[in-house]
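Take a look at these structures.
After this come two complexes, each holding subunit A, first together with subunit B and then together with subunit C.
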Partner chain A sequence: MKVTRRALAGLLATPALAQAAPAVVVIGGGFGGASCARALRRNGLAVTLVEPNATYTACPFSNAVIAGLRPLQRQRFGYDALRAQGIAVVHQAATGVDAAARRVTLTDGSVLAYDRLVLAPGITLRFDALPGYDEAAASVLPHAWQAGAQTELLRSQLDAMEDGGTVVMAIPANPYRCPPGPYERASLIAHFLKTRKPRSKLLVLDAKDVFSKQRLFEAAWASLYPGLLEYVPLSAGGRVTGVDLAARAVVTEFGNHAGAVVNVIPPQRAGEIARIAGAADRSGWCPIDPGSFESRLLPGVHVIGDAAIAGAMPKSAFAANAQARVCADAITALLRGAPVPEPRLLNTCYSLVAPGYGISVAGVYRPAEGVLADIPGAGGTSPLDAPASVREVEAGYAEDWFETITADAFG
Partner chain B sequence: MARVLLNIPRSVRPGEVVAIRTLIQHGMETGYRPGADGEVLPRDIIRRFTATYDGAEIFAAELSPAIAANPFLSFTLVATVTGPLVLRWQGDNGFDQTETREITVAA
Partner chain C sequence: MAPRLALLLLLAVPAHAEEAPPGASGCFGCHSPTRADAAIPSLRGRDPAEVATLLRAFREGTRPSTVMDRLARGFTEAESRTIAAWVVR
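Let's turn to the complex of A and B:
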């Protein structure tokens, strides 16, 4: 039997020889980090996942939790399947990265050495971006843009609100986590108000004029929530520039808007460890090579998911999962001295505008001129004119997608 | 008529520095962009903005094709007398729109 070098490398990298396998450390146990850790392990590498929380709370579908359509418990995932697969899961935060020495420092002072490092730190909310909106203000006017206690806070505030109250939402400029997410949230809050507190209003203030699946959302709002949901884009004075906490109001260039419930989604940047490591540029996000997701600033360090500047790819759980698998294969190739395959990446974002009413946007991406570019003609959005049955099928696809992706990431 | 958003205090103290904010909804078509038929869309921009306070021009701006759609302009004035603040946008294709607000100066 003829054994090529690459096949031999594959044979050597079996679990029995894991001690000798190159070590990869993954920081961050969300959709990107967990998926990448599992894919690296499947490729026979020794993997350590660094994640402070024992339980992950998923953002996709958390807007349904806010609208009372789903328990938060269904958003929670643990890391037992990763451990069972032979991944070392360390429940600590990474406090430092020494890219020259290839070492990560953890909260307890211990040090992990690596051959390749993956940063999947998600986002940090910029509590310096909107005057008056800091972490303390977020306990009164929730962002609910990192799922968990904030999701519950917004849900309970909506529950407690008197019928006839105004709900105010502030949406940031690009880029931010989950481009269609704020509009799905607006839709589902409007559904909640329509069915539970029909004299109430929802005011949606946006720092931009165009957004993901805009025509689909706006058509759905016009038919489902007329007179209830008011959308104010940038060109109509929708950009929120600050918060007046005492007045429970958001501030715009042309006046203040108070609400019984105020949901402020602030601007964002890459997760804090990316900045500490030096992987983030002045934009606050991490430039990467689009074929391998290796940092343009730190050799040997890869960045995936929301933290990365992924060109045309949106910051979504689907994208993070796709990038995780591409990154894992690139790292495996690099460690084995093999060429890095040129990837194709897929993303689909489903949004619910009401229960049983789903819409989607899909895209296919490849590296081109140093960035991840849309492949023209691939992907697309749900048809603008479609019967209710099509929307219902898509809502079902959204559920199926969530089951599939959480199974891939968390087992 | 284009939609205009204004943030102008109605009543101010003598000598107070007042921030004026304006936004006008206008596409600001550059004149360099091809349309769906491949033909270049003719330029259609706001060329000039002026603000007069109690009859005197206090602020003016020349706008160019590089200015984004829906121009947002903000400036300050020192409130000295009660009088009208007249804001005027002029541009291609005879575009000409004026908004007037009274500023009341009271001690």
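Let's turn to the complex of A and C:
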């Protein structure tokens, strides 16, 4: 079978093929999407990144911003380095995905054709999950679980609170973005209160009994914040079921808890475009092949980062960045017609329980029985009995990691 | 027609730098290949045999570490050597 001139002309007229290299569209410019776009481009592919915001505000270390330990400005990153690398950055939202036709529609109605699509849409906060807690309520009782104006709002409320006030935090059940994040936040808010408003209290209400780095957090709380931080797990009535906005209170089965400052971290699901595209299942998250991150529901579409169901891998910036590299190499192999090698992925998540006091959890993962599974014997948390010098080193590594990961993602 | 189309696509993908062995690209999550002032050391330009020896010491717990012992235990000696050879390039 010969390719006739006419057929060839037809091929070249197809937008995705008229370019020198196959086209990959990446939706979402966070740690997963930006890192993946850069890795794909390094692999020689034509990449378009679709991200509505000109500036990304990073969540890791935003708890330090809330506690007044760091300016929000240090959380902000732009996309100039991606453009300089030859990535087309389009500041619009994706409004539709036609996986059969391999096309993405944008807010202005324009259409991007792709050979492979990467969805890295992060999370959507479920404002339908806790009665009384909708988007308007979040402007009074901040979630601060997507960094930016919400981070500033919670920080300014803590600043304005009178000494002797009660801060209330509501933490959701799994899965959600950044499993240890709420406990780091509780720690750093407690540090803020201890040093700035020592007659105040922090009440932490949790919809679960078991959480990431639990023994390390609880040991640190007992030694650093006794009598200041009260933790109420699910089994002691900690599950928040709703919000009474007028009373500035959260609702539990056992009564309401009002606070001068109330931080509600609501349940979450994959970013909205994942649902629109049809990449999310009934759980609200996106099932994927653990070797290539290709969607189990949409061929030719890959999902990385918080939106993906990544088995034992947590929803973290580190994980999103690691998945981005593996996904970029898988896409490159697929477009070359080469086999996708079985990946091995890493994660390391640092948390600060006070300035200069860092703890970590790490994992190594491989595909097993259709999901990303922990490699037995690897991973785990910082030792419970480590000296202060180790906590200080880990706090320093946390900062260093942030510099490295943001340089990798945003240049 | 479809196979030809696939072929055209294949040819258009440039051969890229030698593929990362499994797990290796994850090292760059912490070890920056570009930041000169990092507290976590860069791996670029290091002796691969030295890196492999360090990975073994972390894996076997004979060298003190914070997180490297936990990560190194996810790889065999042979895997560690392959990773070491790649990350120093």
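Everything below uses one rule, namely that the second predicted complex is superposed on the first by the 392 of 411 C-alpha atoms of A that agree within 3 Å, B and C clash if a C-alpha of one lies under 4 Å from a C-alpha of the other, contacts with A are read in each partner's own complex, and residues count from 1 in each chain.
Everything that follows uses one rule, which is that a residue touches a chain if its C-beta (ideal position, glycine included) is under 8 Å from a C-beta of that chain, and two chains touch if they have at least 3 such contacts.
None of the values given here were measured: they were computed from a predicted structure.
Please determine, from the superposition on subunit A, whether subunit B and subunit C clash or fit.
On the shared subunit A, the partners fit.
Looking at the overlay, what does A:312 touch: subunit B (first), subunit C (second), both, or neither?
neither
Could you tell me if A:382 is touching subunit B, subunit C, both of them or neither one (first, second, both, neither)?
Only subunit C is touched by A:382; subunit B is not.
Between subunit C and subunit B, which one touches more residues of subunit A when both complexes sit on the common chain A?
C
Using the superposition on chain A described above, determine whether A:234 touches subunit B (first), subunit C (second), both, or neither.
So A:234 only meets subunit B here.
With the two complexes overlaid on chain A, check the angle at subunit A between subunit B and subunit C, Cα centres, nearest 10°.
120
Just to be sure I read the superposition right, which of the two partners does A:69 touch: subunit B = first, subunit C = second, or both, or neither?
neither
For A:255, select first, second, both or neither according to whether it touches subunit B, subunit C, the two together, or no partner.
A:255 sits against subunit B, while subunit C stays out of touch.
After the superposition, pull out the minimum Cα separation from subunit B to subunit C in whole angstrom, please.
Distance of closest C-alpha approach: 22 Å.
Using the touch rule from the top, collect the residues of subunit C that touch subunit A in their complex.
1, 4-6, 8-10, 12-17, 19-20, 22-23, 25-32, 34-35, 38-40, 66-67, 70-75, 79
Can you name the residues of subunit B that touch subunit A in the complex?
So the residues of subunit B touching subunit A come out as 3, 5-7, 21, 23, 25, 69-70, 72, 74.
Once bound in the complex, which stretches of subunit A touch subunit C?
The touching residues are 1, 3, 7, 11, 17, 19-22, 42-45, 115, 318, 321-322, 325-326, 329, 332-333, 335-337, 341-346, 348, 360, 362, 364, 366, 375, 377-380, 382, 390, 393-394, 396-397, 399-401, 403-405, 407-408.
Hey, which residues of subunit A end up touching subunit B in the complex?
Touch residues, subunit A against subunit B: 209, 234-237, 253-255.
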